[in-house]
């Protein structure tokens, strides 16, 4: 019954897997989505209709320009690029023409700067759809999310007569770094939404397992920190230099040691550091990319406060200047119990899956939290579910999903949910 | 009398200043030198005739390839590139045809990864010959050294009738990082040399001041250290990751703290660190470029020993693997008093300069030490002199020399020295 | 009805507060307890009858000797000391002579190395019962626990006719550092126990609030780490020294940065460091007292593994030797639901208190876990409850309890519990 | 001819070795010196006649009180103690009654907090005069210096008829930590001195070798740094604590890494750290004893500036307060060539020793620099010589001198020098 959808879903997922794109540069992915929607006759919104530029964080103008060039070379039409206004992301809008609730289903699209495993045991390598952009990889399954979203849109569109109200499928950019959720939530696209549902593959769940989440996104803040010191010859004039590299290294050690917190989980990650000009030159520049997380907003604030003090401290100690830029931010999960009940009801209608207890482990951040928060803020119902796969850990070179078996589960839960909410009377 | 030489010397220096090239990639510079030698009819040697590949350190094959492409685009003939066998550097050989001593004068050619100041006060910016390769700069005066060497060659060649023996002008690549001195010294090019003289602009000397050096090069070892850890999602699975970035940061703090040493100066510089894949991924890779120096060989060995232990320690603590590659090495200065007397005699014949006491401050490393050591090892005489300029510190964006007044001093001392040694009887 | 008990309880608590004693040195406290039990005619056990020396950790023979001398000077009879065999702690044994369950109620006795606040706002200072042993303080309320235990013993003894079975009141030493729980659990004293109940004042609860705990003790391991380096004159021979102090400082920075863990809370505390011989001597010795905790046993094992690797690493880096001694260890809470039901039933019988939901925040370690584990291991029921007070944080100079209002709550819950379990039929 | 002096010198040295006293607590040593001077009829000055309290650094009133009690118990008369006014140190004043130069010979008296080796190979252990004050040791030879000074005083006094002018023998306290030199130099005791000579045993010299020093004391500043943080329970409330211990550890790592300096040697030593209250309490207090040195005053200032910034930084990062107290300070050597010539002339008159070239290795600090500086400042001549011994390194548990052979060398040089300067005409 769903065979052709599932077949195409797997094709889409593998095509996207081959062309991973970092957040805010998903022009090929956005085009892939929209060209299909167009082919099927599904209307969609683009650019500032789905992204509010005032809330955009962590988007590098230069990287966007390079991405546009690259996308054009790879066949994305110039006039489509123009319509994006430089902002990736899209929303399919299926109007049934009948009064009824507005339901939004949300998926995300971006990849990670991870070099994909070329081990013959690694499925994408084995089956020939590994990333052909070295150093980039869909190592968190968003390729699968987008593939699911696209087929959900097609199926609903092709069965529109069975539904009432409006169904939106949101294709959110830049989830990694939690940068795209806030500007999408502030674009107006969910202002009229009554029900919103997002999802993620993997996590602690195994293939065939599903659950809703009733707590657990960590609040998180992402920083770029740029240190500027003073160059000098490290051999003949070490005393004249102020090393941005050593300042950043010291800050790293101090950041790792921010105290744990009674009130909730804490995380701190100095994920990237590029520092120095040459071996025998005292380093004048360092760029650190880091983030903190907290099990509650207050715990995240505690982490942010520590980051600020530590950076101020190394400025003093090492006579460097540090510029701190907030490049991403997300919040904890607002929980809407009635929606969770509905989703579990939807799940029970899907055969062959195992519904696990509601999950509340605080072990990741997810900027769907902003969309959920927005919908809840005007009285709507919003939430999130997980569906399993067999994998060795997210964000790793050997992350993999079993697309043929795992993705249909999400596809069916989404449909089942829409049937519950938007069923024509 | 020297006017045309000095005019051309300044032109050469400024032309080279515009096209800075890092060590082992000086194809445009080598071509600049050799095309002039050729024009003047001076024979020269290239490639493995002046560089022994077995002793080459810190040469990146990929960077060399890119440099060759870039040089070709910039007009360097393909057949010239071929003659270099991929190794930069050259030696002009002036045979007088009369029996007499073999004298070598040595200069170096490479630039640094320093972004040049664009302040209007900075001479190259003001006069319009600033680097046109952003991020690279002749911030240690090697452009001036090469310009001096070239005019010295021309003058001797044009006055060959006044001399006996053989005069070689060595254009050594890759002095920064002390990578080129050893392979040039092992190429055979100085095996028959009786007298060798090198020099450097700047240091502690002001314009018009000169001195010989009777101690003071620090022994030095340069390392590339590649850390490999384990990637993981920093939010959901921090315990699964082994951070190469944190390991490198911790090593940096420990390296900075290697104890001082009674027997001589010590230096340690972690000059460059590139680590991590993304903000929320535990960093799997880090590449550190660092170096140590010691006032004596034993002190340098002490530093090297500490480096090895510290790296081994962070491997244990952070469960990372570290690959240590020795990419540069130099030794302390072997002193030949008779040569120093000769050089001071030569200096006294140059009007308008002030000869300072012999210098022995251990404040830099210089791989001319290998050439000096080689010549001294077979009974020759070798040494080094300094000549001043006004500058704010080497390896800085605002380093500058007053080429019209400073370079002629070196030019005249070299000529005066050759007249003392190779005067036709 | 309980007035005289409560009055004496407050007196006891304040007397003990004046004479704080660290773990394994509670000779005055043990004597205070036992002299009262004796006066009332309640049998009790001492020494190796309640402590199994084979499982004792973190007990310093010298400190015990000094404590015995001090206790004797303070009036503790020598023959009583002898009966303790050098081990503090005691157990009151109330045999009803009637068949019935064996119930154990557990309290702890030791104080902390905290200097008590002398602020006039601080209750003990204001009311004149502050610590008269400078630098030591009952900053965790164990004085109150012991006072409660003593009056519970007296009340049960005086109302023995109402009960069947046996009731033991355990006075456990050395809870701080989780050193006394394991050797008491291995002494045989709880081998016949059917029901065991422990409790703690404070935590997250306010005055009048109570709850049982159904999760949440962290597993914990305590280490003393002794570093031995090499002395040298820091001015003239820094290179000859291997600093135990710097090794310990570096280890501290690394320990603070042990990664967080998805599976449970982590804690690491380097609480004490005494290092070095003199300002200008490279430090040859350092003694670190530290601990780790984990929300699960596996997480604690992860922390211990990291400690071991980090210490091994600084041995390598700094050429020091480190001796790691495990001086305390505790485990997570084994939960017995039937007991929790019983305790909540007992609580409901106490008027004027508010029963909060079962608590499972992993925010401290408590070696009552060993006694609970032991009782559960042979089929008994065991657990723990909390009762509130107003305080600014445990282990702080300004920690305080409102003894007249808080302690009676625990007293009544214990009695109510015993009435449920050991009621004469 | 000198036999009885040498015999007594060795006895004195061994008696002093048995009773090592830290700086400002040398009451037994001062009494030993003065009781002998008194016995021999040599006048001497004490207390504020030789020490200016306004310039005293690093003197702990409590430690002085304890030392006075200890000295009294060990037989030092109370009225002598009273005469010291609490300040150790003394000066023997030998007036010849004949006009002539005023000459001062300076020795120092204090010991170190080093635990003496009990190896049977260690001379003091073997011969039975090892320290009987555990943890304290004459590990820098000041016991020998005082023994030499005392016999020099006796010999000159007994041969007073051969001399003119005045000879002062200065017994300076608290050289370790460079605390006593400045207040002695500001006491007036050297205001009339024409010639001043100090000396030290050991260093780089072997037995029988001697030399004058024509450079090389490092400038140095000694700091006590007291960190105050915030206590909290490390398990349940880690986020409430501000660890003084971690702040001090981080500062240690940063201090070790203060950059090297082109202009001169640098040293930094965090020699002692006592931090924390207990294993599971976030540490509220830490006391660090540290020092820096510089080959020039400017280099030392550079180090001091870095210390101040680093401490300020950790205050910010860790929310602790730090109190920095300057407890010792010394300067570089002022060189008086005419005196050095005289000393070498005096050395040539001593048979059986080897005069090495003038020494200028910057490898230690010596607060005789203040006395030398003071004498030179009013036109006098002052300097320092070294005499060798066989030893494994200063400030080590196995430091030793061969008193019977090494000390006579210094004794004879001092006498020979006085004969040159104060010879009766």
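Order as written gives the chain letters A, B, C and D; numbering starts at 1 within each chain.
Everything that follows uses one rule, which is that a contact is a pair of C-beta atoms (placed from the backbone, for glycine too) under 8 Å apart; a residue touches a chain by one contact, two chains touch by 3 or more.
These figures come from a predicted structure and were not determined experimentally.
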item: Touching both chain B and chain C (chains); value: A, D
item: Rotation angle (°) superposing Cα atoms of chain A on chain D, nearest 5; value: 180
item: Farthest chain relative to chain C (centres taken as mean CA coordinates); value: B
item: Pair in A-D, C-D or A-B that repeats B-C, with over half of contact pairs matching by residue number; value: A-D
item: Interface residue identity across copies chain C, chain D - same or different by half; value: same
item: Euclidean distance of C-alpha centroids - chain A vs chain D, Å; value: 66
item: Chain A and chain C, separation of their C-alpha mean positions in angstrom; value: 46
item: Touching two or more other chains - residues of chain B; value: 236-238, 240, 243, 246, 250, 253-254, 256-257, 260, 262, 267, 282, 363
item: Overall pattern in which the protein chains touch one another (line/ring/star/complete/other); value: complete
item: Interfacial residue positions of chain D with respect to chain B in the complex; value: 253-254, 256-257, 260, 262, 265-268, 361, 363
item: Residues of chain C that touch chain B when the two form their complex; value: 236-241, 243, 246, 250, 253-254, 257, 259-263, 282, 299, 302, 309-310, 312-317, 319
item: Complex contacts: residues of chain A adjacent to chain B; value: 112-115, 135, 140, 176-177, 203, 218, 220, 222, 231-238, 240, 243, 245-246, 248-250, 252-253, 256, 267, 269-284, 286, 289-291, 293, 328, 363-365, 393-397
